[in-house]
Amino acid sequence: MTLGDWISQPVNWVFSALGLAVVFSGFRVVTAKNVVHAALYLVGALAGTAGLFLLLSAEFVAWSLVLVYIGAVVVLFLFGIMITRAPTGLDPALDTNRKLVPGVLAAAVFALMTWAAFDAFGVEQITSAGVATDNALLGESLLGRFVIPFEVVSFVLLGALIGGITIARRDLTPVEEEERAAV
Amino acid sequence: MVTAMVMAVAEGVVQAGDGGFFADTAGIMLILPFVAFALIMTVGKRLPYHGGEIAVAALAVNTVWATVLFVMNMTGGVLDQTTFEIGSIGSGLVFELGWVVDGLSIMMYFLVNFVGLVVFVYALGYMHGDRRLEWFFAAFSLFAGSMLVLVGAPNLIQLIIGWEGVGLASYFLIGFYWEDLDNVRAGNKAFLTNKVGDVGLILGAILVGVSLGTFDLAELGAAAAAHDEALGAVAVAGGLLLFFGAMGKSAQFPLHIWLPDAMAGPTPVSALMHAATMVTAGVYLMARVFPLFEYLAADTRQLMVVIGAITLLGIGLLALVVDDIKRVLAFSTVSQLGYMMTAVAAGGYTAGLFHLFTHAFFKALLFLGAGSVIHAVHSNNMSDMGGLRKEMPTTYWTFVVGSLALAGIFPLAGFWSKDEILATLGQEGYITVMWVAVAGAFVTAFYMARCIALTFHGTYKGHGHPHESPPIMTRPLVALAIPSALFGLLNIPGVSLPGIGSFTEWLAVREVVMGDHHAEAIDFGLAAIGLAAALAGLALGWLVYGKDAVTQMERDRFQVPLLYPLLRRKYYVDDLALGVVGATTGPLARFVNWTNNYVIDGVINIVGGAVKWLGGLVYNGLDQRGVDGVFNGLSAMTDGAGSVLRRWQTGRVQQYASAFVAGAIILVVLFVFVV
Amino acid sequence: MMEWFDSWGLTVIVFLPLLGALVMGFIPSGNEDGLKRTALVASGLAFLASIYLVLQFDFGASGYNQYQFEVTETWIGAINASYHLGVDGISLPLLVLSTFIVVLSVIYSWNHWDEPYNPKAFLILMMILATGMNGTFVALDLVLFFIFFEVVLLPMYFMIGIWGDKTPRRIPGFRKEYETRLYAAIKFFLFTLFGSAFMLLGFLALYFESGDVSGVRTFDIPTLTELGATGAFTDPTFAFLVFGALFLGFAVKVPMWPLHTWLPDAHTAAPTVGSVLLAAILLKLGSYGFVRISLPILPDEAMSWAPAIAILAVIGIIYGSLACLAQTDMKRLIAFSSVGHMGFVMLGIATLTDVGINAAIIGMVAHGLITGLLFFLAGSMSHRYHTREMSRLGGNIKLLPIIGGILAFTAMASLGLPGLAGFWGEFMSLVGSYNPLSGLPLGVFRTSMVLGAVGTVLTAGYMLWMLQRVNLGEPSAEWTDHDLGDADRYELASWVPLIVLIVVIGLYPRLVFNSTTEAVTSMVEMVFGS
Amino acid sequence: MTLTQFLVIGAALFALGVYGLLVRRNLVLILLSVELMLAAVNINLVAFEAFLVTTQAIGQVFAIFVITVAAAEVGIGLAIVLMIFRNRRSANVDDLSLMRW
């Protein structure tokens, strides 16, 4: 398949737009000078990812991503940013000033993975394009073959829930104790 | 007139029995002192005599046992050996402990126990009120036990155990007053000098034992008599090594340096260990392995005789110039050990051992007498004594008996034994050495006359009013004076006492074929020469010192230029030995330590530092973009490897993460592209 | 019961301490008595089990490559590594020594703690250490051996690094001062890791080569031993490299000159019990490795390395003794003495004769008892004096008669006094080197014998010197008003058994020989064909 | 549509995550970077599923798992950040040098 063939498929236009959006948002996530902006760019990146999932006919996963991530996780992040009183304005001290090595390393990772992808798969087509995954199949798989991991994950979530509360809970200072008692 | 005396039992000269109950249980003698040691260490503090009574009781039982054996051996000969295996190795190496009951060991049992008992009793009085009495008696018991283990040894291994055991006890007792580090140093000197000799003993034992396949002494003797080939191959080297061990313990020149210093111990210790018994262990060893020298290693004799001769005359001369009465006796002991060693080396098995036997009594007597004097005047120096003959009659007379016996005056014990040595030397063709020995007899008599004159005659020069020691100390003197006077009669050449034979025959009761060379009759001419030399020495000594000079300077009228300083400095042997050891060991040790810390460790530290520095350089170089990084790296290098190391170890999680990612990338690249 | 013990007794001995550590994990650190008792029970049971093992041991059937109480279970099937434990006459004394010393260490720890205290962590580390040590002596699979060998490393690293000596020390080659414990711990760790990395390479090489020669790749020590005896690993380059790799691994642990420099630092910095375990048992892992793995599997190569080993051993003897004479720190002196004593052990092994190897094993046992006791004493003394500088000590025997007396006794034992345990190892390795395996250069070994014997004089020299400076003389004035307190009952309870054993083995070495001689002799016969 | 194009997007996102992880000093931002990397993983998983079409939609199932675990991770991670912030009044990793010797 030549580049021409590739561009002639309309779906690839959609893909390109989404991909660029994802990469751009991702780039801003790691470079933004403002913490809130970074979190918001993450929303962009994740939304783009969800779009890519839709292209791959994984509807359930796409919407899960939107709901769980954009709906819950990012909100959590924003909470975290507020609570830790990270400077919401421009903050030059947000990054370390040693960017060369991480840059090189990241580039190397990208190069390596890209090379691996081309080397292994070249331009092979995706077979299931356009056929939406049956959600029933997904459900059966989740609660059938993968039921034990499923349960384990639920425990992990529970653990994380309890753990998060335990870790983040603050012992009241004596003054606060008194205040609470007074109320 | 040489007689190679063949195994007495085989020839029917003496009908040896197996000793019955007393021989079977002779091991009790070896064990009792150790039991006493343990008891004294545990309950000694609570007893009225601080454990002295336990030690005396143990030796008393032992003495009874030894005396019974001694008498049995006199009348019928006793030959027995009992061993227990304590371990063995597949290739036939067997280690055993046990006890030998034969002529030689019975003589030593009797000697050690009898003299030991007398000295222990004496010590009850001498040490009364001293500090750490229980430790004194415990260590003394330890010595007695080790000595018995040594003389009862059926094999070289047990002999080595006893050998080092007595060395240990000697170390403890020389350094008995360890608050003063000088005494400790004397103990160290003794132990280390002995240890040098022990290298010879251990290597000799290995050579002989491995070639023979056994460490058993009886088998060693038998193999030597049978001219065993394997043994013959190592006989000269092994014999010399064993002799080297004997030189250490029996204080032969030049390993004699420890013995005079060993006088730092309490006087009973000097009497029992550093005169009567322990120092004779070397002679005993030479007698035990006598067949080796007789049959296989005769080549070594010349050397051994010469060393003995140097010791007997050279070290004897040193006794002329010292002021410390114990040191006079110590030098005398070394000299007498030279006699014994010369005799045994020359082939005079009986002659050497007989001198060992008689010497033990009169030298112990002399030391105890000296102790009695020291006890009275609270000083070791003869310049603080004088005129004690009236205040201390018993001490005086017994001391005189001992001195005359030592000098070799007829008919006291020393006369007979010394005469026998002279006779053996003469008959074996060591004529020069014989004359050296005669000269030695002269010197001996001379310094003993000097000693008596300065100590007991003239006027008292010390402080306070000395008076005779209590009976608990004087009675042991008498108990030793009697054998000192009479025991020479046990071995008059050619005379066999009715019913009991002679010392020569008792000693000959051994399991192995022996090769003793001894005189069959008295050589009156030689005896006269020896006696004349001794008398001349006595007379000259009396002439010079009898008139009692007032000061030390005048008393030592023999301040011959060159010779006097030479003798005072003990031929510089001590200085040389200490100088060499001090000049080499210390710097060598420091050098080794320095190498360890700076060379070996230095290399390791530098490698470690360099690796970390390299890491730092790579990281910082990349990080700080080229030239800057290099310069920083260089400055880091000058800053020392250590500080660079810290930079690598930043504690910054992200730097670690970078390293992790980099590592992962490298691994992937390796696996994908290289492998 | 009996049959069960036959196959699982060793597992019990090895893992009981670990079980104890697990139980202790659930005991709150406030409950010190509970912790100590648990540790004592776990180690004590392991010790009793090892005694029971000795009683059940068939001394008549401990020949070449013959193991008892064997257990073989599939473990990592993919690489054919199995859970294979077994004990023979060579490992039996060392196993008992190991369980024994651990019990004594627990007893000693009852009221002796180095800062920063924390008995729970310390005892747990000690129990893990015990499992590693016991396991190494009975592992019959190279992977298992390696794992146990390495398990020992971490607890000791933490013991030194956490409870060690905090005095700042200037390290030669470094600008700044570092805490002794940090330097020592890292040095110990890196050295041992360096060695064991090579050792692992050697093991892997054997694994693959065994596949090439016999068709089945195996880590099994008895199988490899058999292959070795039939000359399977005689390819010169291969054997040289493998033996060299194993040599590095074991020699660091022994330690042999010049790989010894971690030892003085580690010993000096380690807490008392750490030093004791280090000296008494950890060092033996190396020499045991030589006897169990290097010699039987690569006999031909062992013969060509033997002279070199002997020379290094003798250098170690002389060098260690001389270095002792330059020390000012009592613990460091004792540490250096280990270099000398282990030199005798290695000299014994290098002779490749049954005499020499027996000497090495009894030497290991004796060194474990004697040097262990010396470190106990040094630790107890520095607890009291708060210094190890010999120039400040002196007159110890007057201040602390019992400790001083035991110190004198132990020093005598350490200098190889005949009649005490230390003598046999030294004497017999000299005997062995007089008559090494035929084919070995006589000159080298006999020179080694003479130099080794001279080394005993130096040993006596530094031991007496130490006694003179530490024990004898008048005590320094600075201690006059101190109530130092002589040995307490816990100390005595942990020392007296050692003293008794030193005397008993000294007078009756058969206790050890009875177990070792058949295994060693038949091994030497089969492997070196003497 | 080719498989590779999705993998490249995944790789890019992952590399960006690595970069962020290594340069960001604020702990919250580091967590954000981790989320990016997880998203990259999800893209790969789903893309492979679409390419291979397994009978049980394994790729998508795993993506769901990843999302879930990521949610848990964010919860815990933020809690830890919160606590560190409380104790040290800072959410910068540079200030956390406890591991330094």
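Letters A, B, C and D mark the chains in the order given here, with residues in each chain numbered from 1 onward.
Everything that follows uses one rule, which is that a residue touches a chain if its C-beta (ideal position, glycine included) is under 8 Å from a C-beta of that chain, and two chains touch if they have at least 3 such contacts.
None of the values given here were measured: they were computed from a predicted structure.
Novice: Can you list every chain that touches chain A and also touches chain C?
Specialist: B
Novice: Return the chain pair with more inter-chain C-beta contacts, choosing between A-D and B-C.
Specialist: Here the pair linked by more C-beta pairs in contact is A-D.
Novice: Using mean CA coordinates as chain centres, what's the chain C-chain D distance in Å?
Specialist: Inter-chain centre distance comes to 49 Å.
Novice: Using mean CA coordinates as chain centres, what's the chain A-chain D distance in Å?
Specialist: Using C-alpha averages as centres, the distance is 6 Å.
Novice: For chain B and chain C, what's the span in angstrom between their mean Cα positions?
Specialist: Going by mean C-alpha positions, chain B sits 35 Å from chain C.
Novice: Report, in whole Å, the distance between the mean C-alpha point of chain B and the mean C-alpha point of chain D.
Specialist: 82
Novice: Spell out, as numbers or ranges, the residues of chain C touching 2 or more other chains.
Specialist: Within chain C, no residue contacts more than one other chain.
Novice: Residues of chain B touching 2+ other chains?
Specialist: 654, 658, 661
Novice: Going by the contact rule already set, what residues in chain D reach two or more other chains?
Specialist: Residues 18, 21-23, 94, 101 of chain D each touch two or more of the other chains.
Novice: Given the complex with chain A, which residues does chain B contribute to the contact?
Specialist: Where chain B meets chain A, its residues are 619, 622-623, 625, 654, 658, 661-662, 665, 668-669, 672.
Novice: Spell out the residues on chain C that touch chain B in their complex, using ranges where they run on.
Specialist: 171-176, 178, 187, 190, 258, 261, 264, 319, 322-327, 353-355, 358, 395, 397-398, 412, 417-419, 423-424, 427-428, 430-431, 434-435, 449-450, 453-454, 456-458, 460-461, 464-465, 468, 471-474, 507-510, 512-514, 517-518, 520-522, 524
Novice: For a test of understanding, state which residues of chain B touch chain D in their complex under the given definition.
Specialist: Residues 646, 649-654, 657-658, 661 of chain B touch chain D in their complex.
Novice: Taking the complex as given, what residues does chain D use to touch chain A?
Specialist: 1-29, 31-33, 35-36, 39, 42-43, 46-47, 49-53, 56-58, 60-61, 63-65, 67-76, 78-83, 85-86, 91-92, 94
Novice: What residues on chain B touch chain C, complex-wise?
Specialist: So the residues of chain B in touch with chain C come to 85-91, 93, 95, 97, 157, 160-161, 163-165, 168, 171, 175, 178-181, 184-185, 187-188, 191-192, 195-196, 198-199, 202-203, 206-207, 209-210, 585-586, 588-594, 596-598, 600-602, 604-606, 608-609, 639-643.
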